[in-house]
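The chains carry the letters A, B and C, assigned in the order they are written, with residues numbered from 1 in each.
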Amino acid sequence: MSYTIETIGLTHYYSKGTVQQVAAINDVNLKIEKGELVGIIGHTGSGKSTLISHFNGLLKPDSGKVLVDGVDIWKDKETLKKSRFKVGLCFQYPEYQLFEETVYKDIAFGPKNMKLSEAEIKERVMRAAAFTGVKAEHLGKSPFDLSGGEKRRVAIAGVMSMEPEVLIFDEPAAGLDPRGRNALINLIKDYRKQTGSTVIIVSHSMEDIAEMADRVIVMNNSSVAMQGSVDEVYSRGDELRAMGLNVPEITEIFAKLRAKGLDVPQNVYTVEQGAAILRKLLERGSAK
Amino acid sequence: MIRDITIGQYYPGKSVLHSLDPRVKLIVTFWLIVVIFLCKSFFSLGLIALTAVAAAALSRVPAKMILKSLKPIVIILIFTAILNIFYTQGGETYFSWWKIEITEKGVNTAIFTMIRIVSLVVISSLLTYTTTPTMLTDALERILSPLKVFKIKVHTLAMMMTLALRFIPTLIEEIDRIMNAQKARGADLETGGLVERAKALVPIFIPLMVSAFRRAYELAFAMTCRCYTGGEGRTRMKQMKIALRDIIAIIFCAAITAGVIVLNHFFDAVI
Amino acid sequence: MSEKIIEFENVTFAYETEEEDAPVQFPALTDVSLTINKGEFVAVLGHNGSGKSTLAKLCNAILEPTKGKVTVKGIVPDTEEKADEVRRIVGMVFQNPDNQIVATIVEDDVAFGPENLGIEPAQIRKRVDDALKSVNMYEFRHREPHKLSGGQKQRVAIAGVIAMQTECIVLDEPTAMLDPKGREEVMQTVKRLNKEMGITVVLVTHFMDEAVQADRVVVVDGGRIVMNGKPREIFSNVEKLRSFGLDVPQSTELCHVLGIKEGVLDVDECVDEIARLAGGAL
């Protein structure tokens, strides 16, 4: 069986061949299955951005391999080109990539590069616009006339319109206010539910990842430090803190409650979950 | 990593050359360049070449780096040497074949010109190796400040240069980011003819311009907030003071000039 | 009564844009009255586009009110000279650390403000060194700003304001572009400025965990001040805050959902409250 994305011994150096040569990522072995929603966490400089730039061939490994659907993307030029469309990458602050005269044209840029027919392009633009909540009346406008939040949606639509098998988001909520962040998280969840695509989210927000991901990969010092379900990873709070990552506040509350001798689980990472547990506990308390 | 780029070719150090007043360094460099062109004989040029070598040693900049600065001019050197060998005629003939004649004068001129160019490049790159771009801009501003009399906005020009130096690395990073974003959307930047390639730059150029304008706008706000109102009434934290070593450098320069003039007088001119 | 440093009196601000030849006005702030006292640490909360950034820019005469009056220590900045005077009292730090650093060396950048003020060179040197020490960036004084992390750049920007010895510092979403570590560094620095150096702080943000650390929270929505009070009062209204597109810290939310206490501000308080109530369950 082949995985949607698989890396074997993936290594990349900065300043290769000089005295300052350092590994940006070192011997990374990962398997990402079709339809998964994977969260990649790590502090700045942990190598997570370098890692995802390898998934669609923006960076070439210094050693090791990246397989998409079981095929080495660096096999030949054609495969590499195809991998760009198979694996869509939405960078941090994607609104800074907008350039076309109209929103429509900007969303169509990717599909046009794929050399699709006009009809197909139109269909895809409409679909992507609907997904991201870009209003129909905005399609004819200049993207530069939109508000910050609207620009971000257009930019995301510009990657979604390529309808990639895998969609990667690098810090999708960066700079957004709570309302914008919640809307974006729901957008990503809906997209995944409706298309069944594989989604990878890179973030340093443990809260965001906890809300979305099926599986978490933690990057530290250029390599994979942990991977597993949200439960498995988030329960290792002390190790995460040592890597400069903050566990969600709610997880911290439960850790401190345990320290106070309360019999509560440690794998709590959303408020709803925590409230349900505590409600039972408090009822029991008052019943006594 | 792309953010590690350094503008200019400053080589950090604490040598005498590093600690000279940048204004003095700037003036001395120009002065020596003029003197290079005054040299007429091998002896006077030799004096300059010796000075260049001595200065390079004093700067403690590794010889490898200085040789690196000569790399881009190798072709020019070869080209001028060939031209001189074939087109300058006179004196004893070393070699003759068909219409080509290599004469004593030709060879001498070629060697002379080569030493001259090499000295010139070594001396001017020592300036940039031992002085940061910021210090150079500062020095230029101070040297040119008398031009204020002619309503030339020296401070504004220097400020613009400083800001350019400050933002070049930031914008290079930005270009890298935008290029990656557009490549991820399938933009093809590497193939196609000239026209196609030029067209392919539009998706990079426009976001870059938009971002540069946004940055300029925000920067202007930030500078206003920090009470910037132009050069009038500004003081500077880093004062430039002429020290003993600066005076020595200037006297040394004068001595070399005198030496060149004397040597020119006593020995045969090559050109 | 404490001394006022910034006072907004019925301030309205509208952006004007040309649209099909007719100027259209977009009100960003409407009839805002607000007083900032000396030594206070005030957080201004609001979602993007609520008008909070406009409010910040009015504090040091970067923008001029369309209607009403902003007074800084008795000065109304209606001329360029007076605006400059105001900027010597109220300094500003912006969101994007890259777009406010002027020089190619850290210490030169910190010196930029004092140089503009025409301070004596020896005095500038001292101010720059002190300012860099107070934000823990002294060891980085000879570095190039573009090689620093976001949090470090932002601390250099703060040092640039401290070196001008302003009495008040307004920070317009200084942590929005930073990672958690950078945010933490900047917040620590801001709190220290306020507590140890007595500098008045106005922090514009949409991060609730930053707002809870302030002495007072002002909530802006639709260009108006809709809430103004101590963090505990503000965060007691979870539903109301949500209606303004804002959130509350998870500790606050948990106690609210459980219905045990309103206005809980941090983890320890939340843990103590739950432990107290669950005492019987032990």
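By definition in this document, a contact is a pair of C-beta atoms (placed from the backbone, for glycine too) under 8 Å apart; a residue touches a chain by one contact, two chains touch by 3 or more.
Here the structure is a predicted model, which means the values were calculated and not measured.
Chains that count as touching both chain A and chain C, per the definition above, are B. In terms of C-beta pairs in contact, B-C outnumbers the other of A-B and B-C. The chain with its C-alpha centre at the largest distance from the centre of chain A is B. A separation of 30 Å divides the Cα centre of chain A from that of chain C. Taking the mean of the C-alpha atoms as each chain's centre, chain A and chain B sit 46 Å apart.
Computed centre separation for the pair chain B/chain C is 44 angstrom, with centres defined by C-alpha atoms. The multi-chain contact residues of chain B, meaning those touching 2 or more other chains, are 4. Shared interface positions of chain C, i.e. residues touching 2 or more other chains, are not present.
Residues 57, 60, 62, 84, 87-88, 91-92, 94, 96, 98-105, 107-108, 111-121, 124-125, 128, 144-147, 160-161, 164 of chain C are the ones touching chain B in the complex.
Interface of chain C with chain A (complex): residues 47-49, 149-150, 176-177, 179-182, 206, 208-209, 245-247, 249-251, 253-254, 257-258, 260, 267-268, 270-271, 274-275, 277-282. On the side of chain B, the complex with chain C involves touching residues 3-4, 6-7, 132-134, 162-163, 165-166, 169-170, 173, 214-215, 218-219, 221-229, 233-239. Interface of chain A with chain C (complex): residues 43-44, 147-149, 174-180, 204-205, 207, 244-246, 248-250, 252-253, 256-257, 260-263, 271-272, 274-275, 278-279, 281-282, 284-286, 288.
Contact residues of chain B toward chain A in the complex are 1, 4, 174, 177-178, 180-188, 202-204, 206-207, 210-211.
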